[in-house]
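There are two complexes below, and they share subunit A, which is joined by subunit B in the first and by subunit C in the second.
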Partner chain A sequence: MDALKHSRWVPVAAVALYVAIPVLCSIYYAVFPGGEFSLRAYSVITEDASLAAAATRTLTITVLTVITLVVTLVPALVAVHLWAPKLRPILEILCTLPLVVPPIAIAAGVMALLGMAARQGRGSVPNAISQFLQNPDLPLILVGTYVVLCLPFTFRSIDAGLRTIPLKAMVEGSAILGSSTFGTIFRVVIPNIRGSMLFSVFFAVALCFGEYSLAATLSQQTIPVWLDDVSSNNFRASVAIAVLLNMTTWGLLLVATLSAGRFAPAGRAARAEKKLQKKTTQKALAS
Partner chain B sequence: MTQAGAAPAPTQSGAEQGGAAASPAQRPSLFSRARWQGVGSALRSPATLSLLPLSLVLLLFFIVPIVGMAIIAFTVTAEDGSTGVGLDNFMALTSGSHSAAIVNSVQVSLVGSTIAAVIGTLTSFCISQIRSEKLDSVVAVFTSVLANDGGAPLAFSFIVTLGNAGVVYGLLNLGDTGFSLYSWQGLVVMYQYFLIPTMIMVTLPTFVGLRKEWREANAALGGSAPTFWHRVGLPIAMPALLGGWILCFGAAFATHASAAVLIGAGGYPLIPLNIGALLGQAGDSQQVAMALGVTMVAIAVITLFAFNRLQRRSARWMH
Partner chain C sequence: MNATTPASNEVTLEGVSKAFGPTTVLQDLDLTIGAGELVTVLGPSGCGKTTALRILAGFEKPTDGRVLVGGRELTQVPPNRRGIGMVFQAYSLFPNMTVQDNVEYGLRVRKVDREKRRRTAQDMLEMCGLGEFALRFPAQLSGGQQQRVALARALATQPEVVLLDEPLSALDAIVRVQIREEIRRLQQQLGITTMFVTHDQEEALAIADRVAVLRGGVIEQIDVPRAVYQNPATEFVARFVGSVTELGAAADYQGGRLPVRAPGGDLDTLFIRPEDLTLVPEPDGDCTVVSQIYTGERTTIRASSQERDAEGNPLELITSVSAAEAADLTPGTRVSPYVMSSPALRVTAAERHVAEREAALEAGEGGLRAAGAASVQAGAAR
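After this line comes the complex of A and B, so read on.
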């Protein structure tokens, strides 16, 4: 019976090992070149200007994506919850569809449109728009497509968050006190769905840091694309940076998942109950 | 700003203006201001204003590109330069590298998702049997993190581990077994990194949710543990298991980034890799890429539709 009890852990341990080994091997490869501890691989951070440029580009895209995501998604969901519940299913389908369409297919569609616009010839308006969207200093095309890629996950989170608060009473109360609709959304609604907001923001940041398909297809050198480009002549450096990038995205996703759970009403209720139990037992013990 | 409670529906504001006498004959003329007042206020209503930005983003960066892709895929340019609707671009997929890519993609996804489904099911079953709430929540967090893993860092970590000069590759002498990371075997092994967590994430709630009362009822009626799994447990868990399997298939099928970094161009044809390679070329190849893209979306849509149906069936029992 004891053996059976322990054997339950075997598959769990095997999967955990399988997950841990590649990470440990990467770390070993990055900082133990030839068996000696060395951080030489990370000197690329200060020496290679193209990495700094890629990092700046990635950060710019990330900031813009997060802002665009919040500014577009939250008001739309509030509007649907308050004034147009009939539109909710349509919005849900539209926001979930990007999950079904593989990113490389979105990349193909975007390339098709940009190519079509560029073929209109030099100086034409579509060509100018195409150039503007693909500007390597500020590739807005990536910002737009990343917002779309984030939608399936963030829609669900914010939708669930809005359902747990008395949205109508909040908006009406705020309007009576003289606030505009958008003022209400940003000063009353968003602070009340912190958990969903934190999840959305961290998820979006993790996605922007790690996305490769679209950036590579559209020839925009973000950090993941830089990793691939550099790997052919300085593999150790790209592994070293990949370890950093991986740890960062895992950390971000971890915070996202935890904050979604921490501020969720179910979690809040469970914690409140635990606190209450503690208090009552303490009282019982004291008396 | 208008009042938050303002009704956005144009019909309602129209009725307010016209009162009871809003018969068609007395309606203001098409070009008068009164006729369009309702529409104008509807467009300026907070509901429309709030929905507009998201609609614009979805339209510009999702709907138009996908529709454009489909239009190009079905457009055929004749020799005299005229264009028409046809399946020529899809016919190009039936031979050569592209047909190999379709077969390879399906094979890798099928093998990868099946292995992940078996291992994932076994693991989540064991986790549910350990009956530790702490372990359950830790697993839930880690699987949701790992299920979203992928991209260049994943490929690099596997090259370092199982590549031809990899640490584990050398330790286990995998070269003698004929294993190569840069083939379908390598892809299957690498995909497990996010497929197994996906499978555990989908199936663990089902296994944990199998109610104790059902087990007790089974025992009270004289059933053994195998009877329970045969008659109660598996039939209830089956939709979740199948759903997880299909989801894994879809995830493996859509993977581009890690495969592209691992294999590069031309090493082993897969649909996403071929699309990426074709997009980099000029001329007719773009149209073939669009046809491949449409094929991919079609397979993905069928997959998710099946997942949704199965998920709904299992959700009935989980409350």
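After this line comes the complex of A and C, so read on.
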């Protein structure tokens, strides 16, 4: 009986080991070169200027992707829920398409399109647009593509979030008090679907930090691409940075999970209640 | 707060019609709510009362007609620029904000500075008896408290017009009366032009300056509560507002003992309020008391007649008496009806014939077919 009880943990332990061992190994490899603790592998952060450039590029892309995603998807979904429920299935299919098309096909398509535009000749408008989109300081083409890649998951999450709130009542209540629809979305709707929003943001961040194939195909040096480049001559540094990146992503996940609970209306209400009770007991004690 | 009301906040719906696809919800509706007046719009569900309110709020666009507030045409103005306050049936407070923030919301949108916002919100909350709840979240309040917050929120921007969409129907009876009285007090104190939509006729009569009874998108009657109750303009109003006994009476009947006969033929139809009808125990009375319903101050007596109406059902008589009088009217007692004052409504035989002919014309073929189906069903039942 006891054996049975404990045996339930076997799969859990197996999965934990499966996840933990490579991570622990990479940490060991990164900070124990030759069996002695050293952070020398991380000196690459200060020594290699291309890392800073890649990090800045990745962060810029991430921020722009998140903003674009929120600013386009949330109002579109709110509009569909409020005024055009019949269009919802169409929007759903559109947003799910990127899941069906393999990323490498998307990359090839984008490449072909940019190439075609570039071939229109120096000085022509399509060529200029192509150049502008691939500008290594701000590769907008990656932002656009990452937004598309995020859509299937973020759509589902935000759609589910909007279903759980009395959207129409909130929007009408806000409108009659003088708010515009966009104002309502940012002041009322988004705060009430915090969980879905945080998931979307986290998902987009994780995707932007980790995406390799598209960035590499378009030869934009984001952090994953940099890691691959560096691994050929300084393998230890690439592993060290990968570990760091991994930790950052997990940290973000942790923050997202905790804050989703903390800022949820129910949680806030409960805390306010506790505070109130404390106050009244103090008052009662004082008098 | 301006206690004197400028004539500028008079609300007018002018020839407003609304159709959703093939169904007409409002037909050429004319309604004027005077400055500082409270008009309740009363009607059964589906009569178009909520649509009328939503057109005034700007959530629906009328198919035809105009909306004016203080002489300014608002028909095409979106809700957020109408400056109208509104309280919804489902409260629709923002769950992510405290009570204070909810009340401040309209002022925040108007970019009023923080200090002034806070003070106004505090005043509003005090006025609605919610001062101590400012820092709570809506989920921590009872339904009645939430609806008070919604009221405070609607009043915080000092609107000249407030719309209330069945604000009390989600609350229990005691709270309903409390908040009803509070709404009336605030409305009179602030002189706000108010439209109050409800399906509860008691509520409509209790709170209003005038009551508009709506049926099938048309106003059947609009008048002070007393007139709507005592002198209903149509049979529908007589039946919908308050309870009523319908009996047939000869054309020369002027009061006193009323021989019980079903309305129809060449008889006039009387619509009698319970307080105008007296049931007197008589051994040869043509009615029998069926039930007594004790409601405290008054007792409602229901009686039914031996006489049958066209469908073969007994006629039902309703009156209300004091507890002492009720002792003589136990179920099974034979009684006769006496009409003590003039009935609420008297429809003469001639009027009824005209109305029936019109209804038949309007219904046309469909009406005939329905009548045929009904008689087939009746036959099957037999």
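Convention: the second predicted complex is superposed on the first by the 252 of 287 C-alpha atoms of A that agree within 3 Å, B and C clash if a C-alpha of one lies under 4 Å from a C-alpha of the other, contacts with A are read in each partner's own complex, and residues count from 1 in each chain.
In the analysis below, contacts are C-beta pairs under 8 Å (C-beta built on N, C-alpha and C of every residue); 3 or more make two chains touch, one makes a residue touch a chain.
Only a predicted model underlies this, so the values are computations on that prediction, with no experimental measurement involved.
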Subunit B versus subunit C as contact partner of A:P33, first or second or both or neither: neither
Touch count on subunit A, higher of subunit B and subunit C: B
Touched partner set for A:P126, first subunit B, second subunit C, both or neither: neither
Partner chain in contact with A:I106 - subunit B first, subunit C second, else both or neither: first
Contacts of A:S180 with subunit B and subunit C, given as first, second, both or neither: both
Subunit B versus subunit C as contact partner of A:E172, first or second or both or neither: both
Which superposed partner A:P152 touches (first subunit B, second subunit C, both, neither): neither
Touching partner for A:W83 - first (subunit B), second (subunit C), both, neither: first
Touched partner set for A:I21, first subunit B, second subunit C, both or neither: first
Overlap of subunit C and subunit B interfaces on subunit A (superposed complexes): 172, 174-175, 180
Parts of subunit B lying in touch with subunit A, wherever the complex brings them together: 1, 3-5, 8, 45-47, 49-51, 53-58, 60-69, 72, 119, 122-123, 126-127, 129-130, 137, 140-141, 144-146, 148-154, 156-158, 160-161, 166-168, 192-193, 196-197, 200, 250, 253-254, 256-257, 260-261, 272, 275-276, 279-280, 286, 289-290, 292-294, 296-297, 300-301, 303-304
Residues of subunit A touching subunit C in the complex: 165-166, 169-170, 172-180, 183, 187-188, 191-192, 194, 265-266, 268-269, 272-273, 276
Of subunit C, residues touching subunit A in the complex: 57-59, 78-86, 88, 90, 92-96, 98, 105-106, 108-110, 135-137, 139-140, 153-154, 157
Subunit B partner contacts - residues on subunit A that touch it in the complex: 8-12, 14-15, 18-19, 21-23, 25-26, 28-29, 68, 71-73, 75-76, 78-80, 82-84, 87, 91, 94-95, 97-113, 115-116, 141, 144-145, 147-148, 151, 171-172, 174-175, 180-182, 184-185, 206-207, 210-213, 216-217, 224-225, 227-228, 231, 238-239, 242-243, 245-246, 249-250, 253-254, 257-258, 261
